[in-house]
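In the two complexes that follow, chain A is the common piece, with chain B as its partner first and chain C second.
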Partner chain A sequence: MPILSTNSLSLEINGQQILKEVSFSIEKGEIVGLIGPNGSGKTTLFNVLSGFLKHTDGKIDFEETDISEVSAPKRAQMGIGRVFQNFGIFREMTLEENVLVALESLPKEKRGEINNLKEKTKETLEFIGLANRAKEKASSLSGGQMRLLEIGRTLASGKELFLLDEPTAGVSPKMTNDVSSLIRELKDDGKTVMIIEHDLPFIAQICDRVFVLDVGSIVLEGDPQSVQHDVRLKEIYFGADPTN
Partner chain B sequence: MPFFIHILFVISNWIPSMLSHNVIFGKGKIFHFGPMGVAIISSYGIVITLKSTGSFALAFLVGLVCALLISAVFAWLSVKLEPDALGVITLAMHIAILNIAINWTSLTRGALGIPGVPRLSFFSSNTTLSITMAVVAVLWIIFMLYLDRSSFGRQISALAEHEWYAKSIGISKIKINLIAFFIYALGMTIVAFFSMQYLTILHPNDFMFPAFIFYITCELAGKPGSVLGVTLAIVLLTILKEGLRFMPIPTGLTGPLELIIFGVILFVAVWWRRDSVFPNTRSV
Partner chain C sequence: MQLIFNALIAGSLAALIAGGLSLVYGTLGVFNMALGQMVLFGGYITWFLHIQMEIPLLMSICGGALFGALLAWFTFEVFVNPFYKRHRFLPLVTTIALSMILDGLILIIFKSSPKGILQGLKNSVEIFGAIISTEQIALIAFTILILCSFAYVLHSTSIGRKIRAVVQHPQAAMSLGIRSPQLHRLIFISSGVLASFGGIFIGIDQNLSPVLGFPITIKAYAAIIAGGRGHFWGAIICAYLIALIEQLVVGIPLLPGGNYIPAGYQHSVALFFIIVFLIFKPTGLFCSRLRTA
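== the complex of A and B ==
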């Protein structure tokens, strides 16, 4: 059963077609990479999937429910988690408050499943190795730590689908390993992950499948190895070789 | 002694409304520049009901319902508009509501105001009224401190820091803004209920622009979002404001001098807090 599927999803802004009939489906527990050159519409697609932009045509199904008309907060409450490229944490809050506010924003029935929100917050910070900094402001963290906090917070709030926008951007090489371990743990937990990344070796290492987006359309799809060696990928990124 | 009783009342009377507006403007960074609009509707609702029915409970209820209704409109606008547009629209609404109050003479007596507002028998003296108001103000400060540390406090701060990030964890802007505006409506109704009985006259001049300037000055000088900071600013600036009346200054100069002094304080406060007053604009 696909956890997320789109059917002919299109988006037009000011007469410009940003997404063109994007159709795909993702099975529960998969890690899917979304790659493509700058301006191809990757982040826009995430914005549409998480409800921040309203698509002009097509349909989005999450867990077999049409969520096309559902607001962004409601989609989050249904189980779609978003990790932003520029670190979507609240820098003026402490680490503890960052996790706590996410747990408090869950719908009543999901909040009821967590016995003690403060205890859950503590466990989450321990899980990502930041428990000793619980009372510090999030602005004091490094890029990698901010990323761990954001993913950890999303995990703690019981999301089923994770939309990760360049999770290794602005993260040191050492912390990149920590982030990729955390993403693997998400898979082990049966979570579904969709990742936008420019780092192709990272994508090849972690993903089950890859979609290549170009000028708003999915133009290539397959396992990471076959996509990485497909001659069309080079053309998408660097243009067609005129000597061929 | 009457001066201190008067100062006690004025300070205590500012606290519930100003601290509530501080939740919206200071903590939520929502540019709601129409608090006086809510004050006008609530105050007229209370006084007109009180004068026509004599029931204090009904008057309070009508004032509260009026304040909640107009606050719901402001909350809806805060969700639909960008901060700068909201600031302009809410200012315009304040002026529009004030104009209605002044020009609907058959109901409000216009610029003459409504004199002879009755008092609860318990509040026969100003001392009793001031002490009661002070108790209410202290309770309101405790309530605000509780809100500040509550789930609501964290959610409104999250929305103020980055709306998309807040929505992505499931925070509903309309729900949080409605709560914030309704808290203001309640605070304002309490203030109107007591101040109308203290003054015993409802006059449209009390809801002019300088009253709003005083709001913003106290909130900025005390640190936007800070309960204790704004409380301290209310105490100090009210003493300064009321104290000016007793300075040996020609009567005609007191008003303009007050405006100049508070204008300068507002300018300095905005300049000093320029990095924290306005909402952050970070890209996604």
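== the complex of A and C ==
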């Protein structure tokens, strides 16, 4: 049974079709990559899935519930987590506060399952290797550490589906490995991950399946290797070869 | 020393108003141009309850603050909430309209003559050579108490952490399940209560007058622009700084021949702050970078 599925999802803004009948489904525990040229609608699709943008047509199901009319905070409380391209951390808050506020924002029944919020915060920071900087402001972290904090915070708040928007953007090659390991640990933990990325080797290394989005439509789908070697991928990014 | 005490008094008033406003601007990104009138209404209602209705001062102050909360709630629901999601500059226009309506109501209901909440001579004491009234000491202490309470809520409670999260990254806050719209309402109402306290402060320290609304609004915005968008403490520190410079500009002989700059130019300090910071340091003193939504 898919954890997330969309059916003919479309979005029109000011007469312009941004998403065109996007249909896909993701199984629980999968890591799915979403690639495509700039302006193809990847982040817009994430914004629609997170509830920041309201689609104009179609349907979104999360854990067999239609969430088309559900607000962004409610979707988050249902278990959809989001990691932002421009770092969605609270820079003027300490690392400890960044995690604590995520736990405090859980719905009552989920919060009740955590015995001690401070203890859980400490465990989370230990898990991502930043426990020794708990009292420091998040603005003092490097790009990679910010990304670890953001993913760790989302994990601590019990999300089931992770929408990661370019998790390696602004991250050093060494920290990219740490981010990659953390994403694998999410999968081992039974979580579902959808990743927007421009780094194709990273996608090939980590994803079970890849969707290619172009001009608002899914034009290619398959395992990373077959998509990477598909001649249409080159055409999508660089245009058709005029000598052919 | 007298100038410093004067700055402390004027700064406390500005800090009360600017502190709440910085949270509103930080979370909603909107300008509330009716802020000065909300300040005045808080003071006038307290004056009405205490002087006209002869209700004890403390209860009248509570009445003024309650009215401020209701007025802010009404303003949010009618003049801000339906507009700010369409475009964040729309409330700029709607609240200018509201400020005109409130200005008219103040003139009709309370007339243009100055109104003081406390009548009769005030007791003064001398501290380090400066003359300060006991009421002013109480007002400074009250401001510090209010700001400390706000600081406690912002930094040591769950609701405070959520407010700071919404100020710093609204989308990330929503993606954690924080319901920003409810917090926006709460913050707007809180800023209305602080604005009312500002009006009560004016009514106790000086006299309430309908012409005070606009300079108050400008000074509060100067403090939040200089402090940095949404930076609560930045706004408060800058409110005191602007007040100090205002006092120094007209309190020491800066013109040739030992002449003083006329007191009317005091209000231009806030405008000067706005211009200088928007050109040279748009992030403000206490924010390292402009926030991108």
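Miscellaneous remarks
By our rule, the second predicted complex is superposed on the first by the 244 of 244 C-alpha atoms of A that agree within 3 Å, B and C clash if a C-alpha of one lies under 4 Å from a C-alpha of the other, contacts with A are read in each partner's own complex, and residues count from 1 in each chain.
Criterion: contacts are C-beta pairs under 8 Å (C-beta built on N, C-alpha and C of every residue); 3 or more make two chains touch, one makes a residue touch a chain.
Model, not experiment: these values are computed from the prediction.
Once the two complexes are overlaid through chain A, chain B and chain C clash, as defined at the top of the document. Residue contacts after overlaying the shared chain place A:S139 against chain C, while chain B stays out of touching range. In the superposed model, A:Q85 lies in contact with chain B only, and not with chain C.
Shared-chain residue A:T43: touches chain B; no touch with chain C. By the document's definition of touching, both partners, chain B and chain C, reach A:E104. Shared-chain residue A:F52: touches chain B and chain C both. Of the residues of chain A, those at positions 50-52, 71-74, 76-77, 81-82, 84, 86, 88-93, 97, 100-102, 104-107, 153-154, 157 touch chain B in one of the two structures and chain C in the other.
Of all residues in chain B, those touching chain A in their complex are 151, 154-155, 157-158, 161-162, 164-173, 282-284. Within the complex formed with chain A, the residues of chain C that make contact are 158, 161-162, 164-165, 168-169, 171-180, 231, 288, 292. Residue ranges of chain A in contact with chain C, taken from their complex: 50-52, 71-74, 76-77, 81-82, 84, 86, 88-93, 97, 100-102, 104-107, 139, 150, 153-154, 157.
Listed in rising order, the residues of chain A touching chain B in the complex are 43, 47, 50-52, 71-74, 76-77, 81-82, 84-86, 88-93, 97, 100-102, 104-107, 153-154, 157.
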